[in-house]
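What follows is a set of structures to go through.
Next, two complexes with chain A in common: one pairs it with chain B, the other with chain C.
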Partner chain A sequence: MSYFFDSKNTKQMPKGRVEGIAKVTGKAKYSAEYDIPDVAYGVMVGSTIASGRILKMQVEEAMKAPGVIDILSHENKPYVSGFSGMKEMPDNRFGLPVFYTDKVYYNDQPIAMVVAETIEDAMFAASLVKAEYEEAIPETDFAKKVKEVSLKETENDRGSVGAWENAPYKVDQEYTIAKEIHNPMEMHATIVQWKPNDKLVLYDKNQGVNRVQSVISSLFDIPTDNIHVISEFVGGGFGSGLRVWPHTIAAVMASQQVKRPVKVMLTRPQMFTMVGYRPESWQRVKLGADKDGQFMGIIHQARNNSSKIQGFSDGITRVTRKIYGFKNVKTEEAIVELNLPMPTWNRGPGDTTGCFGVESAIDELCHELKLDPVEVRLKNIAPYEMETGLPWSTNYLNECLEKGAELIGWKNRNPVPGSLKEGDYKVGYGVAVGMWGSGRSYTGASIDMQKDGVITVRTAMTDIGTGTGTGMQNVAHTVTGIPKSMIKIELGNSDFPKAPSQGGSRGMASVSSAVYAASLALKRKVAGYAWPDKDANSLNIDDISLSDKGVTYKDNFVPYADIFSKNNLNDIKVEEFAGPGEERKKYGFCSSAAHFYKVKVHEKTGKIKVDRMVIVVDAGRIINPKAAANQVIGAGAGGIGMGLMEEQLVDFKTGRLIGNDLAGYHFAVNADVPLIEVSFIGKPDPNINPSGAKGLGEVGIIGAAPAIANAVFNATGKRVRDLPITVERFFNA
Partner chain B sequence: MKPFEYTKPKTVREALSSVTKHSHYIAGGTNLVDLMKKQIDEPDKLLDITNTLPDQIEVKDNGVVIGAMVRNTAIAVNKAILESWPLLSKAILKGASPQIRNMASAGGNLLQRTRCPYFYDLTLPCNKRKNGSGCGALKGNNRMGAIIGYSDACVAVHPSDMCVALAALDAKVNIRKADGSEETMNFLDFHRLPGNNPEKDNNLPENALITSIFVPKNNFSKHFEYLKLRDRESYAFALVSVAAALDMDGNQISEARLASGGVAHKPWRWTKAEAFLKGKQATAENFAEAARIAAEDTAPLSTNAFKVPLLKGAIETALHTCLTNKA
Partner chain C sequence: MKHSHSNAMSMSRRFFLRSSSALAALSFIPNSVKAFYQDVKEKFFVKKQMIPIQLEINKKQYSLTVDSRATLLDVLREELNLTGSKKGCDHGQCGACTVHINGERALSCLTLAAMAQGKAITTIEGLADGDNLHPMQEAFIEHDGFQCGYCTSGQIMSAVACVDEGHTGSVEEIKEYMSGNLCRCGAYNGITEAIQQVAK
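The block that comes next holds the complex of A and B.
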């Protein structure tokens, strides 16, 4: 279960990620890879219509197929207290009440699960399951319906629209973004094993084991403590693992029904319909400024698509109220319900979308004003947190802009579009910024020291590839003094101290504090054993340090061996929790980024190449520069996808997704991505938490797509207001 | 996947005699296995022909014979191909991924099926998959669809890059028929247009095997280009691709070849544009005119009008690149 597969080899720890060797040697176990005796295989069956009702399931032929154990559907399912007697759908907080409805809300909605002896048997039998439907005409075209839905005030307005009616410079434009699928490398999977006395073990791919625990607990009416969730390795999430999706619930139901462990792994096409996506969106941005580029006011309206099961608002206008010091802000939002799968949070949710509108509009305004877009942004950065009036704890967006401009060579940019050329390519530079509220959540961590001084640091938090475990090791090493080679990390397990889901850039900002607190507690506890005559709590904690051999207090040293033997101990354990406090009432917290990109656009074919990407990030103290840069690089590559190619197409007649696999849905590959030049401001935030680290998972993508679009405009004079900038959108602009 | 039987014949003769109504030959399997997994194709029996067909590249006086079992990668890196038919190598390397090219056979490349999304989704209508069910793409999302040579029954395009180069290079396909007799077909006659029978991709006789591909000697090894325009730079099918080759006499074009992928049910030769270029000077104006001539015969569908300007830009750019490309 440990990251370190050879416990005797602790002196030769990898220098990169703590889990790196396990991952590259294939020893890391992902959820679907656990070998559970007597496991049966479940395969989800999706609907073949997008709207209507199931009249009858046709499972006779499938039941006769080799190896089939049972087929679950709304006609054959176990009792689930959370679903039974449920009222109307929209009130249901669990999303789709899988197998507890005969209604069909979108195409490929899970309507059955085949459970069989082998994965092959289950897949083949799943192909034989049919349903008889009463079909209704689905609503699937966002563009067609978007304007029919009335906007609602977000109730966060400032000032008035009238105050800037006569602004000398205005931009008023509409922007759209296509649906984007998360597509983490690892496909979602769950193995469920019921144990005696209503105990349940789930090996599940997700971004928060405690969340899975609580959802399953309330749905199935089982005490939380009876549910053990293990997610030790997670192959990417991007937000798709923040919810508990129907396949996980169905796996629990199936295991209950067939009284055997059941394993379910989604297929790649099912990853497009069953675990969410970034919704399609429309925005209107109206922006006013004086002749010097001082912003006077903004109206930001946005709509995003949702399913017909559960409203999902992406929060697109939130970022508008945050980045700049607008005195007059009006924001309105609405949800467009369609017969499409359920959308959810996708990296930088809401803000990434909102920033495309706002950062594009600012670029348009700067062009009108003939002012430099870097200067205009610097002039308008929010002087304090506008929504609360609180001073920023730290906000170095200005430094991000200044540094980025220098690194890309902004002075080489010609403000007149279409003036620079390299061979057959037109060349342009673009800038955009991103911001994300720096959150922190109540998080636990424990440390367990063995006789040889080796410690194991544990938390329930997952590591979805972000380097959480490595960051934990860095913090524990820094605070205790114990060498990294003697620090093991275990995480992603609900038996460990509780932690929030890993989303919203909160992971490191939260867990670093818990590990910090546990490290201090360990120092004090070890010192207490070493010098029982002294009051451990009165010792200056900075004078206590741990090493590979023992504990030192000022000039005194006691080896671990003595401590353990004298006190007759087998191990020394501490557990601490840490969370936000009074500082949240005193300061506003944010992470930010400036994106400076250079693009090349082929004159004849419209081929767009991102030639350089400079991303400068303010995320407070950087705990692990490698892992942090890795986060920003990944986000930047995601930004190229969003800017140039990611687009989930829909067949409007049937609501089926078009090209729903890795060949048909295009995200950026290495050949599309230049060397991404990442830098950090690196100044610790003194108030957010003891480590001074602010989150950085989101800001690397917030602002990326508009920086590309703005660079394309600078290169060609073509303003593309619809993402992704595929060749047809470029030609039509 | 439907359960199936698998055998591995040792000779072509044995393969031809083992074939049944519901059997399929399999070589690299890079497309067939996908089709089986998606239950678009459900053979009862697979005849693995990897041991039966030639896997050598033989240079002859009049051209090169590429055995049907030569892997795509092996063609692309072959010294003789790189020297005398570099367009073929370049086209292959723009296709698929290294892993797929390592598995895919030369013969199989010709027989891969369309990637039209309506063909791949069993719940959607598709005349190619089930004739009579209708063409979902015709009035649906046909962004990837044809702009020439299509019918109301089918707007799918042929996915291969290698075949576009073979079409441009006047290749021939050598075939062994079920009765053991041999036939040679012009490459341009091998694939067919959909008409009312889109379920048939090509004119390969039933149960016949492609044994090799012949590419004649030519003077196109100095001035060539394979330009593939797609949504991303690797592992994506062409929106439009252009194979261009020029035989130059000074600045005068003695012979021109222009073919495209991503535009039709088969690799498409722009013969009118080729005829126009023959004898002309290699100028920007003439290249633009050739592109215009090619594009004037196209008729885009509801959501792929962009392919026409894209095609023109691609032809012009590819022809320009021919002048500077170094083999």
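The block that comes next holds the complex of A and C.
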């Protein structure tokens, strides 16, 4: 394994993540970087129409190109049991039936894969693959079709609309957000190697190895145990790695067909069409309050685009039912099916979108009421989990708001828009909040102790940059007492104890519990070997501690060397699983954040610069302070992208994406982002799990974009209700 | 020597632009002259050609036979298993493939391997002195200047050059001169702070 660890190295290492050295020296191996002998290169070919049917593949010229081994398409593919039995598209839970349909549902839909000897050969030959189509007129314009689709009740309504009909203060506005592409820096890639007896190894970029294992298992009808998925280093995900996408399935098919290992790495333009995106959305928020700013009721309607292959609802109104104590709530949603690639979960899915509508509307209401937006929010925070009626286990959103206001200097804000200036810039302050349900899933971890006392902690969970491995080391160290320099971490491998995908801010809340359980089990097991005359299970676990040299129970000490030799052991192994329990029936769980931003808007050019970002987060106990702050910083940077620049445009006639690369699609670069100021409430949640950590990957972005929009309003008096706030939207507002 | 090399580079790029716009114009010609188009295509698109080259990477000499179309990045990653240089876009838009050529930052995805002959190439693998990390590598660990780590090699190579170039006068200046290296995780605080520390 490449994770940093060298017990012989006595040099003082800089304090940082467990995998720090691997990442700064280039030694960390991402999925496309394993050196597999005899590997062939696969390149995906996409359709050039957005709707219709392939009449014939034209691969003759490509087949003649140097180095080409084979070209897979619906005319030339191996048997895939999951696709062969498929009837109609809605029946197919795997998404696009790769090479098992002649129908075209969106532009750049994978229609072929060229397999060749080298990457140059494969890229060149892929440029020669063509198809003859029967073309239909595609539907690709969300704005045009959005109102034609009827809304459906989410069946979570509270109270009634009539109860606040006569609210003295009301806001009723519509908000839209453009499609946003995840674009992790590592392009999705996979190396597939079939081995004898239907065994399969995948070095795959994804957020959950067990998910890949189960999808490939059911598609190809082979036992999960035959499928080994390795995702040790994952170059970012943000949700794009939560599904198994066509290129991975195509690579499995290709490797089977050409009887060689096959490597495929998507091109950056393919990253825009083949691995999901945050769907385009429309929302209407109608909000009512009394003269004191007490909310009386809300109607939240939302629609998001989906593909024609599978419906995807982003869950945009969920957040409305959660953050505030509305007595009257009506929420409705719908999906708009278009000839566009499949959308999927993108960081803070649904809630990030929904919060833009709700948090903007609240700001509009506060302006009308002439009340402070921090005070109004404090007054209306949900006193308990509104949907279930359960008391919050912990919810310190109020403290987030109070602390954030103090840190940004909220008192310097002038509630009258356009009243502050710095040079040629108008200056404004904005606030918004975010909340995310704190989940936890059944997760396994194992610990393996060697004779020298060095332990290796393992889980199948991936670390997509979130600091999972470092968190595991911190928990194992805290619980066992073994120094960190003697704790190795291995993860992202389906041979290790099963774990859920790294997503939904559940990673640390889940795996920390499993490592906690395994650490306790290790203490007990080592003590059992050290004092065989005592009943290990009856010893008080707090009286047992492990060190670099051995185990201590009260005043007794036994060195590891004695334990291993007396019991004739090579290693000591424990494996434990942990998951949610009865506490879920007693409490509501949430993480939350308050965003306080200062923006500058250039009077003449309309350039918007986010000058300060203060983000205060309640995520329970913080296990990795540095990595946790980094997560929130990154989410804030994502919020700048969402608020000011990220926008995937579509050519409505052809359904092709416009500017589908990193020059055409802009997300925040270093100069776009100020040094973000992050702080944590840091109070452990006593009920969620033994560590008290609630998860924080999402809340850093939920509320970020509306905080920018609200600050722009405070700076200029212009209310922009459509994201991103580009210069032309700003001037047209 | 260096001068004539850069001349050759810009000439070939101009030639490429001219020839590609000529081809774009040809695409509007009706089917009847398709044969002519084919002839032109044969003339402009050089067939696959394997060429012997010598590269100096991290002070080590390599003799290789590579596809004339191969980029330095693909040769590093696919031929030499030097996978520290990352492919993030293959179009010079993200900076993940940044290496040093003759001590200056360069995008290896926009550099044909054949163009890198006779030059000193340094990749992330060549930055540390054995087990002793380069101060910038240490600073990135200490300031958590990364999350997923995929852009990190390019960030560090650019950061080292940024300090050498003297573009570290302020946070704003560092941020400006590091904006060719994208980080989707958004670990910009740590990147900037690491550079500030090394620049001191």
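Here is the rule we go by: the second predicted complex is superposed on the first by the 724 of 733 C-alpha atoms of A that agree within 3 Å, B and C clash if a C-alpha of one lies under 4 Å from a C-alpha of the other, contacts with A are read in each partner's own complex, and residues count from 1 in each chain.
Criterion: contacts are C-beta pairs under 8 Å (C-beta built on N, C-alpha and C of every residue); 3 or more make two chains touch, one makes a residue touch a chain.
Keep in mind that this is a model prediction, so the values were computed, not measured.
*Asks:* Classify the contacts of A:Gly67 with the two partner chains as first (chain B alone), second (chain C alone), both, or neither.
*Replies:* It touches chain C, and chain B stays clear.
*Asks:* Just to be sure I read the superposition right, which of the two partners does A:Ala663 touch: chain B = first, chain C = second, or both, or neither?
*Replies:* Both partners, chain B and chain C.
*Asks:* Just chain B (first), just chain C (second), both, or neither: which does A:Ala671 touch?
*Replies:* Touch status of A:Ala671: both partners.
*Asks:* Please indicate which partner A:Phe124 is in contact with in the superposed arrangement: first for chain B, second for chain C, both, or neither.
*Replies:* Both partners, chain B and chain C.
*Asks:* After superposing on the shared chain, does chain C or chain B touch more chain A residues?
*Replies:* If we count touched residues of chain A for both partners, the winner is C.
*Asks:* Between chain B (first) and chain C (second), which, if any, makes contact with A:Glu375: first, second, both or neither?
*Replies:* A:Glu375: touches no partner chain.
*Asks:* Does chain B (first) or chain C (second) touch A:Glu19, or do both, or does neither?
*Replies:* In the superposition, A:Glu19 touches chain C alone.
*Asks:* For A:Asp611, using the defined touch cut-off, is the partner it touches chain B, chain C, both, or neither? Pick first, second, both or neither.
*Replies:* In the superposed model, A:Asp611 contacts neither chain B nor chain C.
*Asks:* May I ask you to decide whether A:Glu387 touches chain B, chain C, both, or neither, giving the answer as first, second, both or neither?
*Replies:* Neither partner.
*Asks:* Contact-wise, after the overlay, does A:Glu186 reach chain B, chain C, both or neither (first, second, both, neither)?
*Replies:* second
*Asks:* Which chain A residues are contacted by chain C in one complex and by chain B in the other?
*Replies:* 66, 120, 124, 662-663, 667-672
*Asks:* Give every residue of chain B touching chain A within the complex, in rising order.
*Replies:* Where chain B meets chain A, its residues are 1-3, 39, 115, 117-118, 121, 123-124, 136, 139-141, 143-144, 227, 229, 231-237, 239, 304-306, 309-310, 312-314, 316-317, 320.
*Asks:* Spell out the part of chain A that touches chain C in their complex, as residue ranges.
*Replies:* So the residues of chain A in touch with chain C come to 9, 11, 13-17, 19-30, 32-33, 35, 66-67, 118-121, 124, 182-187, 233-238, 265, 267-268, 464-467, 626-627, 629-631, 633-638, 661-663, 667-673, 675-676.
*Asks:* Which bits of chain A are touching chain B when the two form their complex?
*Replies:* 48, 66, 107, 120, 123-124, 127, 424, 602, 604-607, 644-645, 649-654, 656, 658-660, 662-664, 666-672, 726-728, 731-732
*Asks:* Could you list, by residue number, the parts of chain C that touch chain A in their complex?
*Replies:* It is residues 47-48, 67, 69-70, 74, 77-78, 81-91, 93-94, 96, 123-125, 127-128, 131-133, 137-138, 140-142, 144, 146-153, 156, 171-172, 174-176, 178-193 of chain C that touch chain A.
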